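There are two complexes below, and they share subunit A, which is joined by subunit B in the first and by subunit C in the second.
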Partner chain A sequence: MERRRAAQDLLPHLILWGGIAIVAFPIYMTFVASSLTQEDILAGMPLLPGPHLVANYREALFRGVVATSGISVLRMLWNSLVMALIIAVGKIFISLLSAYAVVFFRFPLRMTVFWMIFVTLMLPVEVRIVPTYQVVAELGMIDSMAGLTIPLIASATATLLFRQFFLTIPDELVEAAKIDGAGPLRFLVDTVVPLSRTNLAALFVILFIYGWNQFLWPLLITNSPKMTTIVIGLTQMIGLGEGRTDWDIVMATTLLAMLPPALIVLLMQRWFVKGLVESEK
Partner chain B sequence: MQRRVVFRGKALPYLLVAPQLVVTLVFFFWPAAQAFWQSMHREDPFGLSSRFVGLANYAAVLSNPDYIASIQRTMVFSAAVTVLVLVPSLLLAVMADRVIRAAAAYKTVLLLPYAVAPAVAGVLWLFLLYPGVGPIAHALSWLGIDWNYLLNGGQAMMLVIVIAAWKQLSYNFLFFLAGLQSIPKSLLEAAAMDGAGRTRRFWTIVFPLLSPTVFFLVIVDLVYAFFDTFGIIRSVTLGGPGKSTEILVYKVYYDGVVALDLGGSSAQSIILMAIVVALTALQFRYVERKVHY
Partner chain C sequence: MGEVTLRAVRKSYGATEVVHGVSCDIADGELVVIVGPSGCGKSTLLRMVAGLEEITAGEILIGGKVVNAVEPKDRDIAMVFQNYALYPHMTVRDNMAYGLKIRRLARAEVEARVRRAAGILQIEALLDRKPRQLSGGQRQRVAMGRAIVRDPQVFLFDEPLSNLDAQLRVQMRVEIRRLQQSLGTTSIYVTHDQVEAMTLADRLIVMRGGVAEQIGPPLLLYERPATVFVAAFIGSPAMNLLPAVASEDAVVLAGGARLPLPADRAGLAADRPVTLGIRPEHLVAGDGPATIEVRVELAEMLGADTILHGRLGDGSLLQARLPGAERAQPGERMRLAVDPRQLHVFDRESGKRI
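So, the complex of A and B:
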């Protein structure tokens, strides 16, 4: 009986360790490869890290790779960071304002505005690739940070989340603000934004990851090497059957490309989980 | 739905919605309308003029054997990804719900794939399985398996399915775990006292209560497999070898951006939009059902 209990208690841990192995194995092997030389990797790589970690990361970060027209990974990381921050902050800013207007005011066409924002849920970039590109081209925004970020900052998800939360703010608070003579903008800045702190943090985490991981849109909009984001640059480094691939440098770049969003998930896990679960309600 | 107490203001609310409305109109409605217009027109080879052709582009797309093959491929791909992500993530969530010690540590690691961009996830696995380079590729050839996804379409399809499922595991795991933790413990204890074993409790109590979550995740995973896997296909197979991994979203990109067939690509865009609308409508039926419970 005791032994059966022990086996029953052990089984979940074994299965979970299996899951962790599947999740972590590719990441671990990438780490190992990023610490070896190209020759070590091609000769059948070992399972333990080698001594070239620092050298590989230094080369990836600071020396431009031929495949990406000499742009260094550091520059690409910077581009991705700027893009992700503009997208996350921009989305939060415009959604906060529009949700505030829809919830705290009564105005003609209010529901029309709400539905127009709402249907954008059904129009992901992937389904309107060419026409959106043409619009951005007509506006002369190709190959610019504005063209890269502004088309992505309209978000029904964030607006819906703020709206949901704003509806729960007690009427007494609004009345008290009115009695104190506070206008709508004062109420927004002094009361609503501080109350939304946790929602803001949760959304920021989700939207930063969303922005950092963009692929299709930068692929279309950026041409010049100095605009290359890290995810795009990484895929350019791989020969895919033609041309030489420097696997040691590619693997170091892969880890660098996933490090910022991974750190955010690890360090801000509570906000991340909240953002993910709530934005789907 | 609106609040009882609101502010007064004539211009202010319009100013507040203006930024989002402008972005939405310029980058969502204008392109969508343009896609619709283009899908009914055909440009001459020099792009100088275009003429109205009605539904001819749709007819051309839908009668093209390449497109039909891509639809079938996408269905196989999405179904396989959905099953391959749902089953393991449910199993892992049930196990994580059962252990108390170290549950947080397990959860932390299992959430990692969410942070990885689809294209980067593609590179992680591409390396492991790159013929003649990757450790798993070496192991497979050592086992006598003729592994070369660069030449073998079936293997390429298997590879992108595995990568897509790996990347989506976190999301499903998290929602299953949340669903499991919202099931009242008293219900399970009562069943246990009536002598129901663990397996029986799972199938008669846990699984039925979890079914709305399962339904929701099926839709989310299908939408994910349809659209968000572009980065995986682009970084691992480029739709090849041949066209064996060319799913619809890759085809609309390829035909529009690489092959420059605007009418055809726009018709494909409209068809994809219809698919998203249908899937979203299904999702809302689920939400409505949830309200009724």
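So, the complex of A and C:
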């Protein structure tokens, strides 16, 4: 019996390990490349890490390269982090409030408002990029963190999700709070937000990564090297045409760029697993 | 102090009126049960008292003050909901204390009140648990605790026992009654269960289609139901309602049986169509001044009682609750007698008691 179970377990394990290998191999190769010199890489990639790991990362983090006008990767990481955090927190804040209004309040044109929010889902940044650019330019927000983040915050992504979740909160709970004397804001803070914490964690992860990976909008809106985000910086490092590309530094930067989203996922995963285990009702 | 007065209270949703003017005076410390089938407007009425529904017309007074325009939190009421409506992310202690914290009571006072309520309800050991770690009965207690700590003028119960199993329901029913009597707080209790209503109430409001059919003490409603609906709703097994025609001093059933009325009830217009009501427990085997013959269809032997299902000559059904010692075989003919004073006569058209 025991042996049969072991044999049955083998195949799923093989498939899983195969999957992991396929996903992890390019990341491993990036890691290997980031520990070599430019010459080693161009001479043909070995499969084992070399001795230049620390030197490459130090150079990427603190010195920067010619292609990025000498802006260090550390600075780019910081820009990206601030941008992604503002976008994620801003989107959650706006969506939470708008979904709360749409679900728990009765006001004229309530459903019209909801559908207007909903329709913006169908207009991603790329579609409305020209008018948005003009608005931001006329407001004088080009090349500022506000110009970078505000247009990306104003969208409906999370409103719909929050609305669906709020609809599952029983009416009796709302009424109990009314009788207890909790006003609308108090109910939001004391009851709705704590009950939504699993949704908040999941959305934060998704929106942070969404913000972190933004490319087109930052490319348009930022001009000065000081505002460069990591994703933009990375593409600048890869020289086009006759430009020289320091592949060792590029690879180190790539891994550094992956690190914050990966950390966010790891940290938040513990949160929403906890939330799922403790799920209410 | 905690009187509640309803004055011709009406509720409409758009053009549809669901409560058609209910009036009632509830004395301080009284427990009034609103009972009726689903959709009769009983919950709507309670929610209007709570302030969760707007009052379309009429007035509601709590403690002598008109509260039509007063927010629920300022009405000095506490409500126990059908699904308990406990805050799932708060401990039992926080659930009970929440309303007091919002009212900015001193921390020590809040703790003392929670302790006292927990003591009364015997849930001290549960104070640090979350609602999901509690059984249905325990949640029910916490929900009541949340009402008690507020020390309100009026308790409102919205079918609080309907999510519990039968045994627990009986136990909690007794407890609610005992608690209400010891606290002496005016209470309005909504249920669709007539047994619950009968056992709990000082007074009953029987509702049907948005109208209060009859308001009165449970036994009065049992003995002198004002309408056919109340007669059928109160009592189990339900009252037998038979089509009949009144003559001067008797009623004649469709099947031909003639049942004399007591002297003080005689004098009905002859040939008036009526509905005759006979409670199953008022029928006895044998002959008497008023006797009906039935053909036995089924006898349910319950030990203490035998519920007899019989059919009259004209095919209408009759149930009788006889002592457990009575034996009857299906197909057998049987004579059942009833004391004429226990006959209920209702007008066939209006359903009103005559």
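Points worth noting:
Convention: the second predicted complex is superposed on the first by the 242 of 281 C-alpha atoms of A that agree within 3 Å, B and C clash if a C-alpha of one lies under 4 Å from a C-alpha of the other, contacts with A are read in each partner's own complex, and residues count from 1 in each chain.
Going forward, a contact is a pair of C-beta atoms (placed from the backbone, for glycine too) under 8 Å apart; a residue touches a chain by one contact, two chains touch by 3 or more.
All figures in this text were calculated on a predicted structure; none of them were measured in a lab.
Touch criterion met: A:L195 reaches subunit C, while subunit B stays clear of it. Once chain A of one complex is fitted onto chain A of the other, the partner contacts of A:A154 are limited to subunit B, with no touch recorded for subunit C. Legend: residue contacts after superposition of the two complexes on their common chain; A:E175 is shown touching both subunit B and subunit C. Counting the residues of subunit A that each partner touches, subunit B and subunit C differ, and the larger count belongs to B.
By the touch criterion defined above, A:V82 lies against neither subunit B nor subunit C after alignment on the C-alpha atoms of chain A. Applying the stated contact rule after C-alpha superposition, one finds that A:M141 touches neither subunit B nor subunit C.
Touch criterion not met for A:L61: it reaches neither subunit B nor subunit C.
When the shared chain is aligned, subunit B comes close enough to touch A:I129, but subunit C does not.
Shared contact residues on subunit A (touching subunit B in one structure, subunit C in the other): 175, 178, 280.
If you check the complex, the residues on subunit C that touch subunit A are 50-52, 71-73, 77-79, 81-89, 98-99, 102-103, 132, 146. Taken in their complex, subunit B has these residues touching subunit A: 1-10, 12-14, 16-17, 19-21, 23-32, 34-35, 38, 88, 91-92, 95-96, 98-99, 102, 106, 108-120, 122-128, 132-133, 135, 138, 150, 166, 169, 171, 174-175, 178, 216, 220, 227-228, 230-231, 234-235, 238, 249, 252-253, 256-257, 262, 265-266, 269, 272-273, 276-277, 280. Subunit A meets subunit B in the complex at residues 11-13, 15-16, 19-20, 22-27, 29-30, 33, 41-42, 44-45, 47, 93-95, 97-98, 100-107, 110, 113, 116-117, 120-124, 126-136, 139, 150-151, 153-154, 159, 166-167, 169, 171, 174-175, 178, 183-185, 187, 209, 212-216, 219-220, 231, 234-235, 238, 240-241, 247, 250-251, 254, 257-258, 261-262, 264-266, 269, 272-273, 276-277, 280. Note for the complex: subunit A touches subunit C at residues 170, 172-173, 175-182, 186, 190-191, 194-195, 280-281.
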